[in-house]
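Dumping the structure here so I can ask a few things about it.
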Amino acid sequence: MNPQHRLDVLRGVTPPRPHDARAIAALAANPGCARRALMDGAGVDKDAAARHLGFPAPFGQSPFAITRGNVFEALVKADGCAELLRMLRELLGLPVAEVAYHDVENVGAHLRHAHTRTLIDRAARDEHDAGTLYDHPLLSLEIAGHTAYLEPDVVAFQLGGRFHIVEIKSFAVIDGQADPSAVAAAARQAAVYVLALRTLLEELGHDPLKVSHDVVLVCPENFANRPVASLVDVRRQLAVLRRQLTRMSALDRLLEGLPDDLTFDLRPDDDGRPTRPVAELADALRRTTARYAPDCLSTCDMCFFCRDEARQEGASDLLGRQVRDELGGVASVAEALGLADGTRDPAAGQEEIARLLRNAERLRKECLT
Amino acid sequence: MTAGPEQVIRNVLADLPRHRGVVVDSPPGAGKSTLVVRAAAHIAATGEPLMIVAQTNEQVDDLVTRISGKHAHLTVGRLSAGGYVPPLRMLELPGVRVGTRIQDLGDPDIVIATADKWAWIGGRVWPWAIVDEAYQMRSDKLLRIAGLFERALFVGDPGQLDPFSIVDGDRWSGLSWDPLQSAVSVLLRHNPDLPVHRLPVSWRLPASAAPVVSRAFYPFTGFRSGTSDGDRRLELATGGMGTPHDRALEEAARSGWALLELPNRHTVRTDAEAVQAVALLAGRLLQRGAVASSEQGERPVTADRVAVGAAHRDQVAAIRAAGVPPQITVDTANRLQGREYDVTIVLHPLSGRRDATAFHLESGRLCVLASRHRHACVVVARAGIAELLDAHPSAEPVQLGVPVKFPDGWEANQSVLEHLSRHRV
Amino acid sequence: MSLLTSLARLRALDEGIAQPIATVRHCHLADRPMVFIPLKLSGEAAAPLAAMLGADRDRPRLLVVAQPRNRDLRFAWAAELAGVLLPYVEGFLRDTETVERRNADPYERAIDAPQILVPNRAGVAFVRLLGRSMRFRRADGPYPVPESVPLLGRWLTYFAERAAYPGSSLMPAMTEELGRHWASGQSGLEDANLAALLAWITTGPSDDAEDPLIWPPAGPATDPGFDAEVLAPAMESGSAERVTEALRTQLEPSWRLMWQAIDLLAGLEEGAGVASRWEQDRGSFSGMAAHVAEGAPPQPRRDGAVAAAARLARMERAQAAYDAQRAYDDPLVMAEHRLTGEAFAGEVVDTDPGNTEGEGRSRKLRPLVVIKTDDPVRLSPGTSLGTPQRRAQGAELVSAGEGLVTVKITKGMGRGRTAAPGAVPEIGERVCYTSLTDDFQGSPALPDAEATPWTHGGPPREYVPDDEDAQEEWS
Amino acid sequence: MSDRLDDLERRIDELRAGVRTAMRARDGARARVLRAELRGAERAWDALVSGERPVKEEPPRLVTVREQVHQGLRLLGAAAQPRLIVAVSAAFFGGTISSSRLTSLRRDEERSFRSSPFGRPYYLCAALTDRLSPARGLLTLSAWPLERRVVGPLSPRVDFLTCAIAVAEQETGDERADRLLVRMARNIPGAADGTLGPPHRGRVIEAARAELRVHADRDTRDRAELAQRAVAQLDDAARLFGAATLGTIKKEYAT
């Protein structure tokens, strides 16, 4: 059976969940996890699976945050992107004459992708008469055999003859600094757009490097609503993204040794409600190896299910990557404690960690009694 | 065609009076010290006093010895802190005086001290300064001494380890004067027009190593080896016994690189098997009477020409305790910076790790370890590093306004590993 | 994290209850701490939503912004907050002591200082932003705010900056402080949840702690479900009472947790170095108060080149001192260094109290002590050592091996020809030596800001608070 | 009464918890039922606490929304987004509309026009894109010449500058007007002088005109061409409210 077919079986009857830029960017969050790689590769709706298992993910977005994001984006784009033009002029020296604005969405939803291609092609062909701002473009990228459609906020052109991805985010830049994890997430997401746009240019026979690796990040400045733009170099994120996409197309290795009929299907009824017995789904998932780490709690829909599994196994992964690494090859809590208090003899190769743990245990005992 | 090394040095000297600051990037073994000595003599010849700043006492002593050896007519003052005991060889040098105060030194052509010592000096301004290992110097140190000179030559290796602090410095990130950035980064952010030269040729790294190190750690600038294939030879006088260790040494002697791969296993940092392997390699290298021949002639590889490098201090302690011949230098990457040996034996920072941290992936660390040798480098590692890199999550935070540093540690590690895999034993 | 702490975590996981990783308390705990639990509006940088605060556990004050997007209401909230915090802070300025200094004028130091406890690190960060959003405001001009607001902004900025200073107890983050004393059986990431961490320490782990319906997050972020289902409709209704009651349900549980945590910390005996670090806090606090009284401008937006270097030097020194003091104060902390071979403890098996070095006039008393230890010593000969048993003493490692370590005492054994009584440990005594020392060596001077060299951008423009500072609107 | 209050509060807490649990399990149906119950309980609580449900005070509306938008657009003299129209209306006419009120406006106008063409003195209508479809979120007046109602690539900028000039030309002491002008001026090169307070009106006008000169030729050309196409291809209704795009045509056939 070919791998693509195997992945379809894994997913079951539901159509694959489309990847958006955020989901693609998240592929790099824990590449060592086979369970996640298979679920993502097959396009399984992890959120639905986790809920059905009784372990809904702890994520949620406040309506206040959503409103704030929408209001801010509207502000940046208001009046022919007046704010954006100001920032591009200040930040990148955009010439005053460059103001042409194209709303790709004018053509209607189903033509957006084709229209984006046409406009970008025209811009790349004749940079002198090309537009400057392309609003609501729709790009695409192949992910594990499926096309993912991506919606960058704005694509800007005519900055030194190069395309720039504009990413609008509503977290604040205060005195020149922003939350580094928020910036990182924005950079990872923007890298997906850069790659998609480069792919498009290549398909059209243009130089993909016409897309700059510097993306324009637009955020509110300080405590006002006034937007401010910063350049963010996403070369690193691009490199990571390329690696992950290569991995996605090489899932065969992970499929080896799994039963041919293994599936994560939720067997939805006519109303879309899953009917598969929970225990059965859980068993199917446990056939694949997860690599739980506490970081998953903020990045993966399956986190509570995998944490529960790690608890049942008494895995030291629960305590974090660093503790796990420190313990060398000892993976279970009971084993580590056994080595520490001497009730368990070290297996071959465990002599050192056993010595270290015994030493630590001796010191703790000495100090606490 | 890029300029040859001699031309670069001439360009540097010519730029000195034209700019307030001149920066010279020097990849490993590219003649940084030679340049410093030449520039020192060049400036001294104008009759104007010169101050030289280095980062450690060893570096200062080394420069004093080199300058005095090459230009015996120059008077050199070696300024030192109270507890410092100068090595005997230095006290015997003509024209060299050692003291803890400027007044003790007479009025020499050149005054040399560490950046820490210079920070205590005041009340005088030198027309010229040379700052050595400027990429390893934290910018707050430069801030303390920059008032002492009018113009300066900054020399250093951008590929090595960045300065660090024990406290969290996020509050300064993005500032052009972030005190945790290197002296050169801060200098160039405030003075972007200063000329930056690059020494193009490594005299240390052999033809087998320069392309590997250049590709992995200097992807945009690059450098080449000053010698060609066959100019450097490493021969083992006595025959081997076919053990993996002997075969690794033979591979290294033949090709300049060897990877002694141990079975894949997650271990504690002081992995006994790996530590033992490193110690054994060091011992066997001496036993087998290695002889190095190069453009400098033929000489036996004695213990002082061999170094063992590791990432952590506890690993260094474990390796020392495992019976490495006492004259062999065993140290961390931090402390091996700027040093040179014929053969190095390296415990790979990622060996036996299950998860790589930013510390382990820092490209400068591997760069230092992989670029100390004139002839050969033997790396000891457990199998599985490729998988570990593959599984490495990337969620590095991004600070606004901080230039991205290249090369990326992941890419550099991958590049070196790929090369090593061709020399696996 | 050291292997010792990792082991404690493993043990906690196994036994279902947190394990101690300190034998004494390493932070100061004020007689009258102020508990401060702020909440912010999701999606905004620093829009306050509410705060529960007070120094009396039975009478928390609840301050609420019923319409967080209304600028006037926010500043009214800030003024109310100032009405509680400023009297608390300023109350400590009444009683002072005069401190004599070498090479400087004596100064007045407050006998006691305020301590504001927030639930977690995010709470400190939010206080910093609140401070930043208030301190440049003006009571006059086109965008006036109540007079107390900019002053409060300066104090909040001060407290949040001090929280980043190693060893300071002026604004501790509760989860951090608890985490320094107990190892839970969960990851450090999960420890940031106050309810979860406290459950580990008191009754054992509980999934309830992660259920926002049972234990709402301790701020500053609110639970998105609460925002959607409770807060948004309440705000929509226009009823201030309803918003207030809704927010009370989110804050009250954390309020109880905070005081429970204070009781837990109070149950630990205070470490020996805590008083001296608190003394520094008092000095710093008095300095800030003097600064304010002199009419100095508010703290700048970012540190200048010289200020940054100076602060870094102070912080590094404080970090080193804090690390060393905790090890000297607490055998369990010292044990971490013993495990890595940077310290060792054991029994004295031999001494040579009269050992000397050198001849004639340079002859020096250097008593020798031989210690038998089970610890893996990784110190090389010549390393300087200190010892918690005799803090004024200095020693040097002579040799180590086979479980025996020889040290020579180099400092603090008296000036006589023989060692002062008690200076040299007796055979049979248990001693501990470490390479960790708290010797502060002065750092060299930095240039004045006006003399910032060309390498660092030259002299900075003088700071003049401009109109833009005052005009920033809260969106 | 306090007993009832307590009971209500308990009930409210339970219901809230129930809603949030349902939301976390993405059980929308159950959440809706509980939410309805919850709103009821909350209303009862409000009634008990404050005697009566608070009524949001709204000023008496003398001028219709339609007329307010008309006033705003007439002042601006160029195609504009609801946001800007609302701000202008508030700043210069004491207007009270909110942007959300404007969303259905265009559809109502179109319906009215189709039922009795040209029955009103003016219509609030769409701006037309280069495909002659209605431009998203842009309002115009039927009384304007077509050239002013079509948008080429440069038109959004040209219209913004035109609007800025119109705003700057108004004499008013209103703080809201000043703030609007500040916001617009900072996005025009050379219009803001960096001081606090309202920018100099003449300066704004001059700066906006200077930039207008850069774009004018090409924009006029583009618009003339579009207007010609509109005249040639569109009927009366479509000229005012835009031609259906392929997508909308399809949808209309489907229903």
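As written, the chains take the letters A, B, C and D, and residue 1 is the first residue of each chain.
FYI, a residue touches a chain if its C-beta (ideal position, glycine included) is under 8 Å from a C-beta of that chain, and two chains touch if they have at least 3 such contacts.
The chain list, named the UniProt way, goes like this: A = Secreted protein.
On a predicted model such as this, the values are computed, not experimentally measured, just so you know.
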Which other chains touch subunit A (Secreted protein) while also touching subunit D?
-> C
Which chain's centre, taken as the mean of its Cα atoms, is farthest from the centre of subunit C?
-> D
Grab the C-alpha centre of each chain and report whichever is closest to the global C-alpha centre.
-> A
Subunit A (Secreted protein) and subunit B: spacing of chain centres that average the CA atoms, whole Å = 38
Determine the centre-to-centre distance between subunit B and subunit D, using the mean Cα coordinates as centres, and give it in whole Å.
-> 63
Using mean CA coordinates as chain centres, what's the subunit C-subunit D distance in Å?
-> 51
Would you mind listing the residues of subunit D that make contact with two or more other chains?
-> 24
Return the residues of subunit B touching two or more other chains; collapse runs of consecutive numbers into ranges.
-> 175
Using the touch rule from the top of the page, what residues of subunit A (Secreted protein) touch 2 or more other chains?
-> 60, 176, 295, 322, 326-327, 356
Report the complete set of touching chain pairs.
-> A-B, A-C, A-D, B-C, C-D
Of all residues in subunit B, those that touch subunit C in their complex = 20-21, 116, 119-120, 122, 139-140, 142-144, 146-147, 165-169, 171-172, 175-180, 183, 186-187, 190-191, 313-314, 317
Given the complex with subunit D, which residues does subunit A (Secreted protein) contribute to the contact?
-> 51, 56, 60, 74, 78-83, 85-86, 89, 96-97, 99-103, 105-111, 131, 226
Per the touch rule, the subunit A (Secreted protein) residues reaching subunit B in their complex are 28-32, 173, 176-178, 180-181, 183-184, 187, 217, 230, 232-233, 235-237, 239-240, 247, 291, 293, 295, 299, 321-322, 324-329, 349, 351-353, 356
Subunit A (Secreted protein) partner contacts - residues on subunit C that touch it in the complex | 1, 3-4, 6-11, 13-14, 20, 23, 41-46, 129, 132-133, 185-190, 210, 222-225, 227-228, 231-232, 301-302, 331-332, 335, 338-339, 374-376, 472-475
Quick one: in the complex, what on subunit C touches subunit D?
-> 141-142, 212-213, 223, 225-226, 228-230, 233-234, 237-239, 241-242, 245, 249, 467-468, 470-471
